[in-house]
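Per-chain residue numbering starts at 1, and chain names A, B, C and D are given in the order in which the chains are listed.
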Amino acid sequence: MSGPGFTPEEMMTIAAARALSSHDVCLVGIGAPSAACNIARLTHAPGITLIYESGTIGTAPEVPLSIGDGELCETAVTTVSVPEMFRYWLQEGRITVGFLSAAQLDRHGNINTTVIGDYHHPKTRLPGGGGAPEIATSCGEVFITMKQSLRGMVEKIDFFTSFGHGDGGDARAKLGITTKGPTLLVTDLVTKAFTVASLHPGVTRDAVQATCGWKVVFADPLEETPPPTVRELTTLRDLKARTEAAHRGEKVAAGTGGA
Amino acid sequence: MSGPGFTPEEMMTIAAARALSSHDVCLVGIGAPSAACNIARLTHAPGITLIYESGTIGTAPEVPLSIGDGELCETAVTTVSVPEMFRYWLQEGRITVGFLSAAQLDRHGNINTTVIGDYHHPKTRLPGGGGAPEIATSCGEVFITMKQSLRGMVEKIDFFTSFGHGDGGDARAKLGITTKGPTLLVTDLVTKAFTVASLHPGVTRDAVQATCGWKVVFADPLEETPPPTVRELTTLRDLKARTEAAHRGEKVAAGTGGA
Amino acid sequence: MVKFCSLAEALAENLVDGDTVAFEGFTHLIPHAAAHEAIRQGRQELTLIRMTPDLVYDQMVGMGMAKKLIFSYLGNPGVGLLRRCRDALENCYPRVVEIEEHSHAGMANAYEAGAAGLPFAVFRGYRGAGLTEVNPNIRSVTCPFTGEPLAAVPALRPDVTFIHAQKANRKGDVLVEGIVGIQKEAVLAAKRAVVTVEEVVEDFAGVHPNCCVLPHWTIRAIAVVPGGAHPSYAHGYYARDNATYLEWDHVAADRESFRAWMKKHVLDAKPEVFASRVGHLRRAA
Amino acid sequence: MVKFCSLAEALAENLVDGDTVAFEGFTHLIPHAAAHEAIRQGRQELTLIRMTPDLVYDQMVGMGMAKKLIFSYLGNPGVGLLRRCRDALENCYPRVVEIEEHSHAGMANAYEAGAAGLPFAVFRGYRGAGLTEVNPNIRSVTCPFTGEPLAAVPALRPDVTFIHAQKANRKGDVLVEGIVGIQKEAVLAAKRAVVTVEEVVEDFAGVHPNCCVLPHWTIRAIAVVPGGAHPSYAHGYYARDNATYLEWDHVAADRESFRAWMKKHVLDAKPEVFASRVGHLRRAA
């Protein structure tokens, strides 16, 4: 991928942003999902409603560093308590799209962010589910973003933090879950539904399989993801620059004992 | 009862007010209970916390006409939603005293405000319970105020709107209810716990029995309720005058099409 | 998407015969104008939900529009009984009206469960209460940790909820302030929500972040009806018209005086009349 | 009755060894100063409850004060993992720490049930989730109307809850604004509540009636600790110190650097130091 003018991570965030529309009510996780949701808001989906699990509804942050920043509240239509967020807004099914990341993911969209190894004797203890177990089952559908790696995209996840499609088929329906679950996976290399729909510019089939722990199925015809537009890329880089400035700026101020 | 300088109704409200202290957190019904609670607040119990089921906590109204007046909110420490009121404040057991009135009352403090006659074919359909069924069981204790009459104080009530002491004894405990239930009944003639503790000034035992549908038990020694003090009476009459002025004033204004 | 339109249009598009409908407001912000529009448009066979049915349901029951009432307090607050409801329940006039009766706690929890998308609500209630014997929708669940039996009621999920609020902004977000009652839950529990407001403002800049704001995408239609809560009140706009509540006790006492009042003040009136009804109450708000 | 006193006194009187305690705050208003006081006073065998354990519980776990953790997200928000908690759970260093793990929805509902005085919470959750197999406190109840199975968790009822709030008034009422999180529920669910505040004001005149205010009779003790939420933030007072969260990732990576940092910044410090930590963040609030 020599010199396409953007990184695979940028392509991932932008491809994820493209999947959102102005009609969506989107529950935002932190990290890549937050960037994708805000890129969508700042480019083609100005009407999108962004909700953070800290209780802010309809936010428009400049620099979403964490899921509970003051700016989320200041720019929100309203800010509600955490129980209300999980009861009236998530559980009721008002959220059309939930955005999740994964430490481990399997081919059926099941997610592990809890533990590597045995739950009771962990090799690596990860943060756990937070809002994800119910985001995965109460949102209309779930979009997953993560960088491809053999460590992350595995045949069998170590712990079912968030239910995707179980072992496939009608596993969700069997549990009485009526929402769609994971419908979209965007990685640094591809955009896929259940099969790979689209290779990001310059990516080969071999490169996709080399970083994925399960046998990849490619759509036919297989498309190439349109590269980022200038507007998309500028918006993303501006957002990233603001985030880094916020970190750096305050660090400097702290170091000098600031005003 | 010739010329004691106060009416039996005034004595009732003032005797009820005296049962409250500054440490109480009191859930206020409308009508006589509201007057009694506010007399207490304006005389000997300035620290009392008054809560109205409309969601106002720590109110200090001048003219509490209804349970949801704007003034209740304006003078409150905070105003919460109705579900929160019933869940976090009443159900949890934060209220020390609930004040209730009754259309029909029996000797065990069971209250009917639902129906006279058969529930499905009512002779008189009354308003029903509102907040009372849970006030009766979730408040630390319950004070009841009502005017005595053979129609109201009956051997057997037509409907159990709010549970008092059932058929007596440990009926509450048998239902798993840990609160005290009705501990005080103040009428226009007497103040009683389970037995009549105190006759209001000028009232005879015969007069009490003549207006009560069950066999009245008098305490021994039987006390006489101290008559209203000047401060109590003035406060009560001021409150009443303000309430009537509010009614009348707005009626006049409405009639003239006012500005 | 939220639509700004006339009250007549909002009601015509969102309330149909046979609907289960809530006109909510807890003493404050009672949607009288919306209820009067439903009366003028002659909706029939409605299941009316409200914690405190109040004058508006006394009027709708008196006009024969209600098939069923779901409620917890059937009184004229601070005044007494609702005489048209009494006539219906005691004498089946003008028609038989079914009732499903709860306590306030039961209704509040049922709306909360509806807003939360749950099929039922759990709470500690109805202990020793006679309603458990006459209302088959009051059931019980057992705590799987302590074994305590608790009350269960089905969630309320109206087809339509009507509320009156202080203001909307241009995007259609709705602000409710003061005694917020059960309105947020009633809106979020409903399939469709219609809001009458005192006014529309450009935006909610300066409004406190923790205020009760209903985002525009939770609302179907907004109609501007100044005074639309009269004779109840709108905090910050006008005071409660207590005299009208007292007067209603006399109007509703008699079938003929009721019909005459309804013809003059509702059937032959329009939403615009509400503004003139609160003129003298504005100084007191 | 609420008591205004020093943080040292408030903590000494309200937290004892073996308590089940919540230091709550959802990114905003995290009670760092109170947690540091608990560390200085050397409380032991605590059961620590928090949705997002964050730096304060990483510190308390690292100091060996925690017998058990009840939580739903064990991360450094926006940064990564909590390395002292990892060391405890992966290597039992400095001691074995039991865990009871939930989802955010489970914890939020459990606090709500605690505030509501119920023994358990019902919600639609944990469907297909592995936590149901490792946490025996995740059970099920069946809707008595629809037959739907729903998740049940026991109510959270801490012995003590500590929160940080913007301000108290002279009577001891406490105001929380902005992202209010789970603080109201955590206070109302607890047997005792202790609040650190940025400042005490005469009264709350002008504060919106629907703001989150905890009445004085729901609080045991109030201590004024300006900056007491640092490195988290206090809406209207100072911004989040993001650099400190990044720095923590390095501090906590190593047992020695952790001990050295704790000695310097916690054990040898006093609550008053928090005010100086937020000086440079006030312009950004």
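Going forward, contacts are C-beta pairs under 8 Å (C-beta built on N, C-alpha and C of every residue); 3 or more make two chains touch, one makes a residue touch a chain.
Treat the numbers as computed from the prediction; the structure is a model and nothing was measured.
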Winner on C-beta contact pairs when A-D is weighed against A-C: A-D
Between chain A and chain C, centroid-to-centroid distance (C-alpha), Å: 41
Whole-Å gap between the CA centroids of chain B and chain C: 27
Set of chain D residues in contact with two or more other chains: 112, 116-118, 123-124, 148, 178, 180, 184-185, 209-212
Where chain B touches two or more other chains at once, by residue number: 73, 79-80, 87, 91
Topology of the chain contact graph, where touching chains are joined (line, ring, star, complete, other): other
Which chain pairs touch, all of them: A-C, A-D, B-C, B-D, C-D
Residue ranges of chain A in contact with chain D within the complex: 30-31, 53-56, 65-70, 72-73, 79-83, 85-87, 90-91, 114, 119-120, 122-134, 136-138, 159-163, 166, 171-172, 175-177, 246-247, 250-251, 253-254, 256-259
Touching residues (chain side chain A, partner chain C) in the complex: 25, 49, 57-58, 73-74, 76-80, 87-88, 91-94
Residues on chain C engaged by chain B in the complex (per definition of touch): 26-28, 51-52, 71-75, 77-78, 81-82, 85-86, 89-90, 101, 103-105, 108-109, 111-112, 123-131, 134, 148-149, 178-182, 184-185, 212, 233, 235, 239-244, 246, 279-281, 283-285
Sites on chain D touched by chain B in the complex: 112, 115-118, 173, 184-185, 188, 204, 209-213, 215, 217-218
Touch list for chain C against partner chain D, complex: 116-120, 122-124, 137, 139-146, 148, 150, 152, 154, 177-178, 180, 208-212
